[in-house]
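In the two assemblies presented below, chain A is common to both, partnered first by chain B and then by chain C.
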Partner chain A sequence: MKIDRRGFLKIGGLGILGVAAKPVIDVVSKVKLAEASAKKGVLVEKRLAMVVNLKNCKDGCTDCIDACHGVHNVPYIANPKDEIKWIWTEQYEKAFPDQEHRFIGGGMKGSPAILLCNHCDNPSCVRVCPTKATFKREDGIVMMDYHRCIGCRFCMAACPYGSRSFNWRDPRPFIKKINPDFPTRTKGVVEKCNFCEERLAKGLIPACVESCKNKALVFGNVEEPNSEVREILRSNYTIRRKPGLGTGPQIYYVV
Partner chain B sequence: MFEKALIGSKKYWGLVIGLLAIMGVGAIFYLQQWNYGLGITGMSRDVSWGLYIAQFTFLVGVAASAVMVVLPYYLHNYKAFGRITILGEFVAVASVIMCLVFIIADLGQPTRALNIILYPTPNSILFWDMIVLNGYLLLNILIGWNVLASERKSVPPPAWVKPLIYISIPWAVSIHTVTAFIYAGLPGRGFWLTAIMAPRFLASAFAGGPALLILLSLILRKFTKFDPGKDAIQNLGKIVAYAMSINVFFILLEIFTVFYSQIPEHMHHFEYIFAGLGEHGKLVPWMWTSVTLAVLSLILLINPITRRREGILALACVIVFFSLWIEKGFVLVVTGFIPSPLGRVFEYSPTIPEIFITLGVWAMGFLILAVLYKIAVAVKEEIET
Partner chain C sequence: MNNRIIIIAGLIIFLCLITFPIWYNVVGGKAAYAPELKIVSEEKQCVESTKYMRAKHMQLLNDWRNSVVREDKRTYTALDGKKYDMSLSNTCLKCHSNKADFCDKCHNYVEVTPTCWNCHVAPEGNKL
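== the complex of A and B ==
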């Protein structure tokens, strides 16, 4: 039997330390885990979410939309029938129909609200997809596999927020400038916001958050008590879209 | 037995060629859809299902209705239906095939359809629908073909067919229940979010299917030597009368709940179909036509004097079929999306290619039905002579 020196020491060490050393090893491994996750940053931890501060959102500004649609090769199709959007604005009272009343004040009435996929905790789109082309990751991101999607559009019927778009025709001619680092889609598949999963993997924050000069968008891990999103949630009153449906939307709005 | 489909009168061949021609036109338009994408249809980001899925839903009902002749004959030994069970089973075969083709026609990526089987996902209702529909198709092919083949040889059907027949009865209920679940389990689609969806589907199925069966029986009697029997037709008429009454009752229940509770997310859809929302009211004339036809059909069907007159019964069946087609084969699916979850009213109307593709699939269904009926009738005529 051939054992090199390191291996020998390991075996010997374990033998000597035995059961008594177990708590020490546990501590060590915990530190290692923490180190590893710190390296990847908060971006791959438990439950990713976003806070939209509507008060900071400037009328007429489209920076986040342009950044997202640019980096993700989202086509610009003017015809509302075929249109595709990942992030867009809608009048406040349309976005929050449950909050609608005649006397909405604070300048909210008719003001634009940023909408995107809510990356729901209990996503109805994932529940209905017959191929798992729509699925939820451990960290909460609701993702799409464009190569598996059969284009049945069951997920579009199931999403109560209108977050999903379908490629009714070949989108490529409508992409202003193709970003070679991100795939383009074919006709016949559904698409939506992916929380910039490809950027998170590189340690970057979502493109929309990065592009916003007014700090209207904040992204992070809501399971982490010290995160910026949690801080905002702590110090502000926030609402979510249609919480009564039980989907558990993870986009929070400061109004 | 299949050779019987290959010898026929001029009329039979005229029908076959006519249907093939419509299918051909549909196929040409489908090629266009294949190349361009589903944008060729009237469907949109807001109204993401349209005519195809509505036809699918309607035809699942027609398929399920076979149980209305199978059940009385096999469970209650009701002899008058013995001659027409085969007609019901073959209608089921043709309709389920149409259902499957309509789903394929609606897919954005039809070449990936097998992904439903390659990545089975039991939490998706579509997965179960695929299973129950294919199972039902297989059951009806096996039962129909074997019963007919033994009838031809004047022997009782093989013993293993009997259990299949019994299974096919609850199975018929299952196909329409599962199809209702596609709609009835979605949060945020108030028009569909109703526990009564499956019962409604079954009631309308058991009205529309037998109505079609009556019409087909009358046509067969007129053009062939096969007589389905007066009793069978009359009793089917009663089934249509009951089922249509229940269907209308169910719709009234929906209307009560929606308008008495006044919950906007449920009510707006009904306002859209009955009165229109703002300047948007494309479906209003359709819906009122359906309602008027439904009332008219009930008057003709419930009154025994009119129901017993075969000519009037036939008229009532045509009316029932169209009323239900409007309600279920069009309005039910489209209205679920209008208004959208964001309160936008984006109307839908099918495009010319979409309509021709739909007609092509219907023609295919009728062609299958014509061939199967040709065989069945030829066998029955052979036995009788």
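== the complex of A and C ==
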């Protein structure tokens, strides 16, 4: 085949045009994909959340803490510097510092509030993790991959709720009875509540919710309008911890 | 080159010394020793063939871990179509409950120290 100068320039020009058009086509096709997946999302939307009814929470009861720490091999270390906690209690006015005032009534002042990881919509811990050991699942659970945790503790600095604990020492000797079905952690990793994702996978509800006899803890999908959590959120006034920080905490409190 | 004999003799002694572990094992008859593993399970077949498991169990376990932890996919379909729950503690160790006679023997032989057991709870049955 013989090609003259004019023909060569024509073919070359067409080729360059094609290469230049590719990014434009990519963008257009991505927009279409995003639209499609957003539509699909509406049908299967799932957002796990918990409602803590502080009115039902009995002073001195530690059923939920014992259940959680038992199944997850959370060590009991008395020294507060080294302590590990997935779910714990704190005085109401310390848990909700923005709600604090001199005349708190309704029996709330000094009464214990159940605290755990808020499984935020916009989790600051996930944002700072340099190894992506902490990540957010599609159903909203903020999870940890302990295999990837390098123990830098950025997440602990980022979490405004103190939901994360660092293993300063080997936790095994401090676990009363090891549950062989769930791993322990090791020295040098951060740990926190996982919303019982291993139990959810088996179709069970979280251990803390199951153990509560007074129905102070309710767990479910907030995107499902007929769910129990939504019913409680509809019929009660609820607050969240430090919502002004923009993390979008998903533990709601009935006070 | 007056010291030729001394240098060559020195080199030979040096070579003998540096290869001493090899000589020692050959003389002691331990050169071809391979670890003998015990399997206590009644199952005839692991999730994949023995050859594959021997060569690739670490990659398989890594894949299982990523799949379960990061993608919440917990069922493994083996080559023969059988389905397994992807879990070190609850699937692998249900058969290989003798960690000391199975995992540790080979790992010690090739001198690797996998960190699995720092967190995953080893079965009680066969303690080192």
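Keep this in mind: the second predicted complex is superposed on the first by the 210 of 255 C-alpha atoms of A that agree within 3 Å, B and C clash if a C-alpha of one lies under 4 Å from a C-alpha of the other, contacts with A are read in each partner's own complex, and residues count from 1 in each chain.
Assume contacts are C-beta pairs under 8 Å (C-beta built on N, C-alpha and C of every residue); 3 or more make two chains touch, one makes a residue touch a chain.
The shown structure was predicted, so the numbers you read here are calculated from the model rather than taken from an experiment.
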item	value
Touched partner set for A:Arg137, first chain B, second chain C, both or neither	second
Partner chain in contact with A:Glu197 - chain B first, chain C second, else both or neither	second
Which partner, chain B or chain C, touches more chain A residues	B
Touched partner set for A:Met156, first chain B, second chain C, both or neither	first
First, second, both or neither for A:Lys81, with chain B first and chain C second	first
Contacts of A:Lys176 with chain B and chain C, given as first, second, both or neither	neither
Chain B versus chain C as contact partner of A:Gly246, first or second or both or neither	first
Chain B versus chain C as contact partner of A:Thr184, first or second or both or neither	second
Partner chain in contact with A:Lys58 - chain B first, chain C second, else both or neither	neither
Common interface positions of chain A, toward chain B and toward chain C	186-187
Partner chain A, residues of chain B touching it in the complex	36-39, 43-46, 48-49, 103, 106-110, 112-113, 115-116, 118-119, 121, 123-127, 130, 182-183, 185-189, 264-265, 336-337, 340-344, 346
Interfacial residue positions of chain C with respect to chain A in the complex	65, 69-70, 72, 74, 89-90, 115, 118-121, 123-124
Residue ranges of chain A in contact with chain C within the complex	73, 135, 137, 143, 145-147, 178-187, 197, 201
Complex interface listing, chain A residues touching chain B	80-84, 90, 94-95, 97, 124, 127-133, 148-154, 156-162, 165-170, 186-190, 242, 245-247
